[in-house]
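A, B and C label the chains in the order they appear, each numbered from 1.
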Amino acid sequence: MARTISFKEAINEALDQEMTRDKSVIVMGEDSIGGTGSPGEDDAWGGPMGVTKGLYGKHGNQIMDTPLSESAYIGAAIGAAACGMRPVAELMFVDFMGVCFDQIYNQAAKFKYMFGGKAETPVVIRTMVGAGINAAAQHSQMLTAIFTHIPGLKVVCPSNPYDAKGLLIQSIRDNDPVIFCEHKSLYGVEGEVSEESYVIPFAEANVMRDGGDVTIVAYGMMVGKAMNAAETLAKEGVECDVIDLRTLSPIDMETVLESVENTGRLVVVDEANPRCSIATDVSAHVAQQAFKSLKAQIEMVTAPHTPVPFASTLEDIYIPSNDSVAKAVRKTL
Amino acid sequence: MSDNPFPLSRDELLNIYQTMRTIREFEERVHVEFSRGDIPGFVHLYAGEEASATGIMAHLREDDRIASTHRGHGHCIAKGVEVKGMMAEIFGKKSGVCGGKGGSMHIADLDKGMMGANGILGAGAPLVCGAALAAKYRDKGDIAISFVGDGASNQGTFLESLNLASIWNLPAVFVVENNGYAESTSVDWAVACDSYVDRASGFGMPGVTVDGTDFFAVYEAAGEIIRRAREGGGPSLLECKMIRFFGHFEGDMQTYRAEGEVDEIRAKRDCIKSFSKTVTAAGVLSQEDLEACDTDVLSLIEEAVSTAKAAELPTEADLLTDVYVNY
Amino acid sequence: MSKISSTVTIGLVANPFSARDIRRVISNAASLQVSDRANIVMRVLSAISTCGVKRVLMMPENGGISSFLKRDLLRKQQLGDNCFTELEMTKTPINGTVEDTFASTKAMVDSGVKTIVVLGGDGTHRAVAKVCGQVPIAGISTGTNNAFPEYREPTITGLAVGLAATGHIPESVAFTLNKLLCVKINDGERSDIALVDVVVSTERYIGARALWRTENLRELFVTFADPEVIGMSSIAGLLEPVSRNDFGGLHVLLDDPEVAKNLLQVPIAPGLINTVGVQSWQQLKPGIPFTLRQSSGIIALDGERELEFGPEDTVQVTLYEKAFRTVNIGACMRHTGQHRLLVGAPLELLAT
């Protein structure tokens, strides 16, 4: 049975259902419950954006608050995963990855390989990404590319509530370390989500729109921009394919290539900074593997090579907009 | 009837001796093979520190987990990782315990509860918090032990882990193997509070210092600490003061050590010599028992080396395997 | 013309490693931080320098006390506070073992120190007493049980020591003679001393040294039995108090609590109250060697396992009176108050 719920509620539901199904799924993070040790109410926060609210009431000690100590608790989640648990740890803002990155990219990512196959690290690290709420430079980054670069990690970034639930459940059931990126500006967005448990497999991009003239590839919040641009362009007689990558590692290049082989034109929209990003990655692969199909240069729509600014006027320019996507499409025509 | 004053049976004591002797001969042999140029990469040898690993691991069961430092051969052997597999791994062979893909610095065997030597110092401490958390959920009295050196004890990961283990009351034990040198830097300079016990109490857990070259002192202290952790009494820190015979890594000329320092410690502070002296003086084991053991150990090491040398190297097909469970 | 040189030297042995053993885990023993130990030394130094003492000879160690001191003294110097005595280390080795204490104390005695201030537990005091000869010692408790040194504010200890060492207080007031126990195995083949207690346990190996399994205790000899103190000697203190000044000590026969005649609740370690089985006790007369009844086991000296012995060994324990000297801090300060020694101009060294 499908009904309309928000992106944030979809994530909560995924966690709730998996924690019920499997007691080895434990959730931890700063203020994930909120109020531990404090005199007021338990479950005071349920995470900084309320995503995990209510889980403590239902699942008790399967969810725990952590001290302000990413190295230790992200590492602990990874260690527990290597010992048979299925932890879901929250790295509150992806911008904090600097203080615990070693545990993620040198430990979790490499155990299976370094230890000759014997280790399995089924950990999920949920983390908030993206700009749009004036959180400024150290709380608004889109660092998907950095994780994608590391062999051994999987990187997921849903664009809507339905995908969020299915991809999170898949992430929890996956036996490799997964970085699950939740765009903070999407938490309030609503969509149709089935009540029952379901999974969306990795490396299956979603063709949101069939068009035939230009391929627009996007992920996360940029999918919405791409769809809006496509609508505007349709009025101009340009029909776009819009592809939501859903997972960045593993990535579904086949769907992208299939579309480009048909349209001959590619625009990649990526909220991250322009150097060494998902945009450059997809562009390079398409240029290499579908060169003969290309009828125009590949266009990338990205943030500028700057930190995320604070003022609304500046942040609005920083984030790729419907217009900038449409403009890029027109450049390929 | 042979009168045994020790808290271990005669056979257990012989086993202890064998473990320490195996570590010693393994490291001494790796030193030789490395100097011949047959071993790739970096190795960090544990010779001289055997009493610490052995005295602590003597209390562990297979379901207990440990995470080690870059100097992990001793911890591996004491935890029961197969010696031939270890030697093959150090030589980078496919039959190695990590398929030749980890090497000395990442040597591990999760089946034996050894979560790996680690090239990143201090990285094992949070992992052990995780292992201890998992043990708490399993509720079978299992524990997890993090070994760090005096140098790594300054890493944020280690200090954060002490805090986390305390507030979550984890069945974890943190062992600081203080051999006085972090690579070439003396602990006298690098550790501001000059005492790991002080650090432990700063993070809400008891700390104990013990002579790491005295097997029985380590065994007894570790026994109490581990028992406490198993029974829900929470984490503790154990500082083992010891000495390493070799340099930080093989190739280290050790010019930061005083002249004659290594010769003196090999002569006067050899933990295996003092263990042997104690057990033979008490009449529990004889010189012949120990020598027979030495012979067995040397032939095991010899076999391990010749098997490793003759073994196959991994191939191109092995390069791409085991990055993921499935991709 | 006074023979005394213008430099009265006081010795200082500060053990950075006391209060670090397994009792932190099996009882609620404190572990005094290195920084606090250094602070105690600073307190003693400032008090001593008020008394006109210009030179302190200290045991070198790498447990952190001297590094804290160096930092602290440098900071005080930067702030313009130069009134501290000159602090010098003995030129003796640092091994991090009790050998360091022996070597350094001997060096202090050889260089003519007037008194030795000791920061440590019972073990440290024992080590110093072993080699200090007639040089009086002033103890400051920084160990686990601290049965031997009295609890005192170190600043006062420093003042008393400074005044005594500079001859402002008559020796008959300043110094006290103390009892000690001597253990001899096979007529001196091995021997050692204890300042407070000698305990025989059925345990057979030294291991982690500390003693807490009271069911294994079989014999106890004490120089004094103070009921206000914790540790092995409290067994005696709670049966028949004997002060440091009383004639003789106490000898107690113990057994497994399962079979013993009497059971006694004893504060054996900080926060740890265990049951001890008591069979009988009697006065321990000085000068008379007592042969152990236990045929084999471990002898603990001042609460730490030290000597193993077997059926082929003959072990004798003898109490000696007036064996070594301590500074009587209380008497020194009372004398100081009564004679207003600290009133007026800064003190000069007196001829003796």
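Basically, a contact is a pair of C-beta atoms (placed from the backbone, for glycine too) under 8 Å apart; a residue touches a chain by one contact, two chains touch by 3 or more.
From a predicted model like this one, the values you see are computed outputs, not experimental measurements.
K.L.:
Taking each chain's centre as the mean of its CA atoms, which one is most distant from chain C?
P.N.:
Here the answer is chain A, farthest from chain C.
K.L.:
Please indicate the chain closest to the centre of the assembly, with centres calculated from CA atoms only.
P.N.:
Per-chain C-alpha centroids ranked by distance to the global centroid put B first.
K.L.:
Just give me the whole-number Å value for how far the CA centre of chain B lies from that of chain C.
P.N.:
Centres of chain B and chain C (C-alpha means) sit 37 Å apart.
K.L.:
Per the centroid of Cα atoms for each chain, what is the distance between chain A and chain B, given in Å?
P.N.:
A distance of 40 Å separates the two centres.
K.L.:
As a quick test, compute the distance in whole Å between the mean CA positions of chain A and chain C.
P.N.:
66
K.L.:
Which residues does chain B have that touch at least 2 chains other than itself?
P.N.:
Chain B, residues with two or more chain partners: not present.
K.L.:
Give every residue of chain A touching chain B within the complex, in rising order.
P.N.:
24, 26, 64, 66-67, 69, 71-85, 87, 99, 102-103, 106-107, 110-120, 151-152, 154, 174-176, 203, 250
K.L.:
Going by the contact rule at the top, pick out the chain B residues touching chain C in the complex.
P.N.:
The contact residues of chain B facing chain C are 3, 5-7, 188, 191, 193-195, 197-198, 201, 206-210, 216-217, 219-221, 224-225, 228, 236, 239, 241, 278, 282.
K.L.:
Can you name the residues of chain C that touch chain B in the complex?
P.N.:
Touching chain B: residues 16-17, 20-22, 24-26, 31, 33-35, 62-65, 67-68, 96, 203-209, 296, 308, 310 of chain C.
K.L.:
Touching residues of chain B toward chain A in the complex: what are they?
P.N.:
Those in contact with chain A are residues 65, 67, 96-102, 106, 108-111, 115-116, 118-120, 123, 125-131, 133-135, 137-138, 144, 156-157, 160-161, 163-164, 167-168, 321-327.
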